[in-house]
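Chain lettering (A, B and C) follows the sequence in which the chains are written, and residue indices restart at 1 in each chain.
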Amino acid sequence: MKRLIDILDLSVQELDQLMDVACDIIAQPRKYSHACEGKQLAALFFEPSTRTRLSFESAMLALGGQVLSVSGAGGSSVSKGESIADTARTVSCYADIIAMRHPQEGAALVAADSVSIPVINAGDGGHCHPTQTLADLLTIRREMGRFDHLTVGLCGDLKYGRTVHSLIAALSRYEGVRFVLISPPELRLPDYVVESMQDAHIPYEETVSLEGALPKLDILYMTRIQRERFDDPALYEALKGSYVLDTEKMALAKPDMRVLHPLPRVNEISVQVDSDPRASYFRQMFNGKMMRMALILKMLSDSGEETPVNNRPVYRHLTCRNPKCISQTEQELQQAFYKVPGRREIYRCVYCEQQAE
Amino acid sequence: MKRLIDILDLSVQELDQLMDVACDIIAQPRKYSHACEGKQLAALFFEPSTRTRLSFESAMLALGGQVLSVSGAGGSSVSKGESIADTARTVSCYADIIAMRHPQEGAALVAADSVSIPVINAGDGGHCHPTQTLADLLTIRREMGRFDHLTVGLCGDLKYGRTVHSLIAALSRYEGVRFVLISPPELRLPDYVVESMQDAHIPYEETVSLEGALPKLDILYMTRIQRERFDDPALYEALKGSYVLDTEKMALAKPDMRVLHPLPRVNEISVQVDSDPRASYFRQMFNGKMMRMALILKMLSDSGEETPVNNRPVYRHLTCRNPKCISQTEQELQQAFYKVPGRREIYRCVYCEQQAE
Amino acid sequence: MKRLIDILDLSVQELDQLMDVACDIIAQPRKYSHACEGKQLAALFFEPSTRTRLSFESAMLALGGQVLSVSGAGGSSVSKGESIADTARTVSCYADIIAMRHPQEGAALVAADSVSIPVINAGDGGHCHPTQTLADLLTIRREMGRFDHLTVGLCGDLKYGRTVHSLIAALSRYEGVRFVLISPPELRLPDYVVESMQDAHIPYEETVSLEGALPKLDILYMTRIQRERFDDPALYEALKGSYVLDTEKMALAKPDMRVLHPLPRVNEISVQVDSDPRASYFRQMFNGKMMRMALILKMLSDSGEETPVNNRPVYRHLTCRNPKCISQTEQELQQAFYKVPGRREIYRCVYCEQQAE
């Protein structure tokens, strides 16, 4: 496998294998401590993110590999107007694998298309953050022992939360999953995500009440509600307490429910909850490192044959209007859209996946 | 030992042992070059400091270990409002030991209280910087061969100089030490430090004259006087030359006096002094790396039983007013004070050690 | 060899040897993968440059060495007014070799004069960037198989382009070289460079026409023309297309001409040219890493005897007026000039090499 842009680039079977390797790394870390000796991972973080960057770097070092680290865009060639493609090509002269975080959606895809070394999307704008989903999935597996027949609550910012969309997409592939979507009306799950759940006949309910939802849940996935998402600050102020998890609310939950959160949290989970055995969010961080180790190992070991993820036709007659899409700024990059199978005639930008108008 | 927040966390005996190990590392570096193989140190520098950060990183690499590096706070989870506790807990999922520098006083203590991996305070605001004192102590030991019966001059900014307060505290534990405090009146040693010297019956004198003090000194510890410490810039201008060490003044000093400086220096030691064999400040940098190596080794080797440093009672009826104290901003952190034994009824904040009003 | 400040610090023979080692590293990378084990390179990048910094770091890691990384000046001791000399001396207590990039001209020389460990100039203001020239030279050798009797076109910003000046100086030492200087009149090669070519009896022509020059060239060295170099933006707009290389222009070139570019490029080479086998600029990046590996190896292996590069007399009766020269700001640094042999009575600043008035 040469690229991981979106969690769905991995089949259910490939995910299982990755998680098996991660569990073996947990059981026998020494066995892997020289697995990537002599290899270099370039952590290209054009948008800073201490947690994710350190997780990747720690993972590569724990495999006996080495790290080249870029954090922040200021002053690098990027600010001189160098294209993502050129930056990636240059770095591919030095490193064996790239993990890239960038504020523009589609940046990781452009990088992957420019080089022959493996590329991992460590977060591209609001689009995808597949290795977070890997952390989330391993946590569910280790804590619940299964993926089927789970009732999964997602709480907070379901509208902008890329980790929420990604987890829903990943879990939708398992039998018997049901989702409980808990958010203020302003931050409901976007229609297109709801529609794909409907098309896949996945049971879900939408509610504004976290208390009401808690007793039903096997998993509670908390996200942070940000003030900036609300036009009316008073509305934010009125709402925010309803989506805070504390010990009082935890008393309503099942004895073996698990609480996940991609972190950082600000106040949406009270510190009092941390000592509850059901609080899994720090184990989730550790699992993220393990999955990144398994992923790096897989991508560096693969024979180099790239299994094409998509053989879908590309349409070039449209223009992407998303100001955060890499197609706005990347030199000599052609517009490209794919057609969404199903309902209406919908085209999505290949890079950022926003809908064409 | 699980945490080093303040130099006094180490007993005189533990300091001796550390210095013995540092001297062995100097004598036989190869013996230690794989001592921390497979281990990772996270250098969390939320306040940049090239010298201290590189010293820690170089130390860990020289032990065969690896480094995760964060420098500057901009853009990391910190700026998203994440607590020190959460940041430390996350990093403890990746690294085996943390060295933390932070602009807020008490930050390292909060971090140490949140994780089970060892934590080293690499500087918390104006509070403590214990590894600088380790560098200073090893330098005195290597250059003078002893700690007892030394006359130690401290010159410059004695009011705000945390390295000065720390060195005084450390040296006060040896027999026969006497201090000569050389500063402008505006930057005299704070009363509470003077008082603890008095309570410990340590001879000291205060003077404004560096020339007058020089002939008496075994050690001269220079610090930088900063313009910003003076309300009246004209006063600074009038004063600053008096506290500059040059070859002319060095002629007044004993033939085996040693000059120390935590660096960086701007102009308070003339470059002409550098070639004087009594100038120890660059050897001091090297000693700092050696002591950090010994410290990291000790903290990673210790069995994990934490010897509680303080069993003193905690008082919560007061509020810390220090704007730089971590207790101002750390989520859900309770106020905590300890009572100072001795003179008056004084309470100090557990985090920043400033006096409650 | 203890310092590389300027490409001419290396003799033709030393360059040949370096390139031989680089080619051996390319052929047998495993042979070198532990050559610098236990050694540390400090990459001191006070002016950020992702490409050059990663190239040095990747090179050191590929030799089995370790890296201490500083990128950006903000907040470090540098901003507290610490001298380059002190910064270098401190870092020399930790690392075995320094690679330094600094916005001020002469900074690397000051660093090299202050320490006994090897120092590599990774770019000092507009003055020199010798390791870029090493990359350029290895590329010419690997692509053309020789240095003699080449017709070398240099296109774009010949006035400010330090890599252009450096390459001309290096290639002037080979037999039968001829230069074709292609630029707008505003960005012609500076007179002093033209004069040294004349003094060395090297054939050259100046032209504004890239198309006209192309059929004659063995090597085309492209550089970026920056808007900021023009007082009149309209002039820039009128000019810029003339110095863009595209497939149409490539059709005019010899079948085995090679295109080099120090990168980053913005639009002066069209992406369409990338797939032309004559486009060598990404191979050039890889060659740069190989030459840096050879250079680091050489500098760390040398016995420590410094072959003095210059025994020329120093004149101190003048003052450097270059605002970017390190002599403006470096504490207690004396003015120093050397006399230029030849034509007129010209003195150049030892640090930045600008002409005294």
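The rule we apply is simple: a residue touches a chain if its C-beta (ideal position, glycine included) is under 8 Å from a C-beta of that chain, and two chains touch if they have at least 3 such contacts.
All of these numbers come straight from a predicted model, not from anything done at the bench.
Enquirer: Since subunit A and subunit B are copies that touch, is their contact same (over half of the numbers shared) or different (under half)?
Expert: Both copies, subunit A as well as subunit B, present different residues to each other, with under half of the numbers appearing on both sides.
Enquirer: What angle, rounded to the nearest 5°, describes the rotation that places the Cα atoms of subunit B on subunit C?
Expert: Roughly 120 degrees of rotation.
Enquirer: Using CA atom averages as chain centres, what separation in Å is found between subunit A and subunit B?
Expert: Going by mean C-alpha positions, subunit A sits 41 Å from subunit B.
Enquirer: Which subunit C residues reach two or more other chains?
Expert: In subunit C, the residues touching two or more other chains are 69.
Enquirer: Can you list the residues on subunit A that touch subunit B in the complex?
Expert: So the residues of subunit A touching subunit B come out as 30, 33, 47-51, 54-55, 57-58, 61-62, 69, 72, 263-267, 270-272, 282, 285-286, 288-289.
Enquirer: Would you mind writing out the residues of subunit C in touch with subunit B in their complex?
Expert: Interface residues on the subunit C side: 38, 40, 42, 66, 68-70, 74-78, 80-82, 85-87, 89-91, 93-95, 331-332.
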